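Here come two complexes built around subunit A, the first alongside subunit B, the second alongside subunit C.
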Partner chain A sequence: MKEIVVISGKGGTGKTSITASFAMLGGKDIVVADCDVDAADMHLLMKPNVKTEEDFYSGNAAVIDRAKCLNCGKCASVCRFDAINLIEYLYSVSALNCEGCGYCARVCPVKVISMVEQNVGKLYISATKADNMMVHARLLSGADNSGKLVARVKKEAKQIAQETGKGFVIVDGSPGIGCPVISSLSGADFVVLVTEPTVSGLHDLKRVYELVNRFQISAGCIINKADINQDVVNHIEIYLRENNIVHLTDLPYDESFTSAMTIGQTIVEYDHDKLADLLTVSWNKIKQILSKEQQ
Partner chain B sequence: MKIAFTAKGTGWDSPIDPRLGRTEYILLYDEDKDELSVTDNREIEGVAHGAGPKTAQLLFDINPDVLITGNGPGDNAAVVLKQIPMKIYVGAGELTVKTALEAYKNNELKEF
Partner chain C sequence: MKLTIASGKGGTGKTTFSTNLAMYLAEQYKVVLTDLDVEEPNSGLFVHGRQTHQQDMFKMIPEWDKNVCTLCGNCQQLCSYHAVMKLGSQVMVFPELCHGCYACSELCPAHALPMHQIKMGELRQYRAGNLDFIDSRLDVGQEQAVPLIAQTLDYVERNFDTAYLKLYDAPPGTTCPVIKATQDADLVILITEPTPFGLHDLKLAIETMRELEKDFVVVVNRFGIGNDDVLRYCEKEGIIVLAKLPNDRHIAELYSRGELVYPHIPEFAEQLRLIGDFIMSQQGMQS
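Let's turn to the complex of A and B:
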């Protein structure tokens, strides 16, 4: 079983649209993992039918035992996040502001502050319209994605893939270069970098590739909207060559991306012409690279 | 020499865990005594952020001569691990502990 992670660094490059297309093309032979949990939207395209759901706990928040609290205010004085304030003459924790560092619990003279694990959302395992299983999550308001949640989503997806003998896990990676992205990348066999020919597209591609390279995972790149700025495309191509990144394909700027999205379809369902062909060729190329690596 | 492995299980046939920060176990092979010991790191699953530095701290305490793993440490874990003379070998992500040791002995793994 091979794990393919799609990331972009920059938002709005078409990462999820492309991942969902691969999820359609892979069909029965894959398991989908949506690790872009902060702004999970893969479910809009994959129409998952939820089979199991469970509450997910991550991170801590301070809770003061009101009955034993001396109301001395020491906790509030050390809190760096202004999460403890006097409300009606009593020190209280705002769970939304609390970062869970535990400093208050450490300094409390009567040890009545405990750190309580937070329910941050739900984890789902669903069947999609592409005849495959998908692991995804939904966060509650104010909750944030974490390496822990990403690791859990991936673990479930891999387990399903192993138990049911699937060839691939395809991961919609988290944005940026922080903890959730590192968790998205770790253990991956191949990374698909989706970029666009803009200054920030190239900048963020470089930034996220540094991470991929650090983990020594082989990578391929799709330049989306490749006809909007030839100059930056040239720069991207040089960068890909210098770093041994496979140039998978160029996709033209096409409003089908948006039109498909608004009716809840993937590109390969909506467009039966050029875009679908290019994406199919890319998907086959990725499979080919992975089967070669295995030999 | 003491050789550590990031692993998904506790024995020689266990697969290497390609992840360093979120590895489930750390196995330590003491060549002189011909002994394999296990450190359970599964509680890392409950850590929301900073898994890399946390496991690096554990390795710091175990203090092996060599670490064999898959992807290698991220930036934050690498800062911690630089403080000990341990050498890190990567690329064993698809091997078992046993075959990874053989690969290391045959100089087939890349030094990080």
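Let's turn to the complex of A and C:
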């Protein structure tokens, strides 16, 4: 079983639309994992039928037992996260600021602060219209996306793939270069970088690839909206060559991406022409690369 | 006045909007723009200025002093993040896991874990025309954006007085980094696009703003693509849609080259004028 992670660094490059297309093309032989848990949108295209759901708990937050609190303020004096403040003359915890370190609970002279595990979201396992299983999540707003939920989504997807003998897990990765994307990348066999020929697309591609390179995962790149700036495309191509990144394909600037999304379809369902061909060729290339690596 | 520009979904035009609005308003007012998307800061690609300041940004982590350590193991029990571990006859610190709570350091009976600083990123300040611009970026490999965002906010507060309109370009999403970036804002502008993804992520962003009890308004970018669901939703919820920025391939091309949009597209400039008037009326109400 091989794990393919699709990331982009920059948002809005078409990452999710492309991942969902691969999920359609892979059909029965894959398990889908939506690890973009901050803004999990893939379910809008995959129309998952939820089979199981569970609450996900991660991290702690301090809770003060008001009835027994001496209001001495020792807790507030040690908190480095500005999470304990006097509100109407009483020390109170702001759950949004609390990092769950537990320092306050340790130093409370009357031991009335407890650390309570936080429900940060929901985890779902569903069947999709592409005849495959999908693991996805919904993070509660304001929750800490420490990467733990991302790790859990991946773990579930891998387990399903192993138990049912699937060839691939395809992961819609998180944006940025921080904790969630580091979690998305760990254990991947191949990374697909989706970028666009804009100064920010190239900038973010370089930063996120620096991270991929640390994990020593082989990578391929799709340049979306490739016809909006040939000059930046040239720069991206040079960068890909210098770093041995496979140039998978170029996709044109095409509002079909939006039109397909508007009716809840993937691009390969909506378009039966050029875009679908290019994505099919890319998907086959990725499979080919992974089967070669296996030998 | 502090104004944060945020969006649930990435790639909805947050940076295009922030940089254009900042440059446009700086023609008339004292404005400082700060890029708080420290994982992937892009504003600097559109604001071309002269660098006036640079500093490394640090976070505090414990450092083991083996000469005074009694190997009691207290630190390992205290750490909620598994960032300090006693392994045999040594104590190891994992900087990338450390949240900097100081518990292990200050509660160590032998004072064997003094805090010291390690670099997590860099802050640069630029002057572009009348605009002051702050770019803050996390070093690749660092996992936590929040401490850098917090310190960057402090820097702006210390260096710019209340006469400034402070614009903040927030990271995408609705989790911790966004909360930090919007926490002190007087007003939040949520940028979205009129598509199912845009609407879905806008709803999450609105939920977050309501939880934070923030005043917010919506700006619709790439108006003309997708459908009317975003507008209908905002109308139903009684949310102000401040402006509709046009969808135009020419804008995408200008953006791709790192150019400002409003000097070339009058329709875009007109929308910025509407937004500017609204902000200034709010500023007036505030002071």
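Following the convention adopted for this analysis, the second predicted complex is superposed on the first by the 289 of 295 C-alpha atoms of A that agree within 3 Å, B and C clash if a C-alpha of one lies under 4 Å from a C-alpha of the other, contacts with A are read in each partner's own complex, and residues count from 1 in each chain.
We adopt the following convention: a residue touches a chain if its C-beta (ideal position, glycine included) is under 8 Å from a C-beta of that chain, and two chains touch if they have at least 3 such contacts.
Predicted model only: the values in this text are computed from it and were never measured.
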item: Partner chain(s) touched by A:Ser58 [first = subunit B, second = subunit C, both, neither]; value: first
item: Touching partner for A:Lys166 - first (subunit B), second (subunit C), both, neither; value: neither
item: Subunit B versus subunit C as contact partner of A:Lys287, first or second or both or neither; value: neither
item: Touched partner set for A:Ile182, first subunit B, second subunit C, both or neither; value: both
item: Subunit A: partner with more touched residues, subunit B or subunit C; value: C
item: Which superposed partner A:Lys2 touches (first subunit B, second subunit C, both, neither); value: neither
item: Touched partner set for A:Leu139, first subunit B, second subunit C, both or neither; value: second
item: Touching partner for A:Arg214 - first (subunit B), second (subunit C), both, neither; value: both
item: Partner chain(s) touched by A:Gly147 [first = subunit B, second = subunit C, both, neither]; value: both
item: Subunit A positions touched by subunit B in one structure and by subunit C in the second; value: 100, 147, 179, 182, 211, 214
item: Touching residues on subunit C, where the partner in the complex is subunit A; value: 8-13, 15, 39-40, 42, 45-46, 78, 80-81, 99-103, 106-107, 138, 140-145, 171-177, 179, 183, 195-197, 200-201, 204, 207-208, 211-212, 225-227, 249, 252-253, 255-258
item: Footprint of subunit C on subunit A - complex, ascending; value: 9-13, 16, 38-39, 41, 44, 60, 78, 80-81, 96, 99-103, 106-107, 115, 139, 141-145, 147, 175-179, 182, 196-201, 203-204, 207-208, 210-211, 214, 225, 228-229, 231-232, 253, 255, 258, 261-262, 264
item: Complex contacts: residues of subunit B adjacent to subunit A; value: 17-22, 45-52, 70-72, 74-75, 90-91, 93, 110
item: Complex contacts: residues of subunit A adjacent to subunit B; value: 58-59, 100, 146-149, 151-152, 179, 182-183, 185-187, 211, 214-217
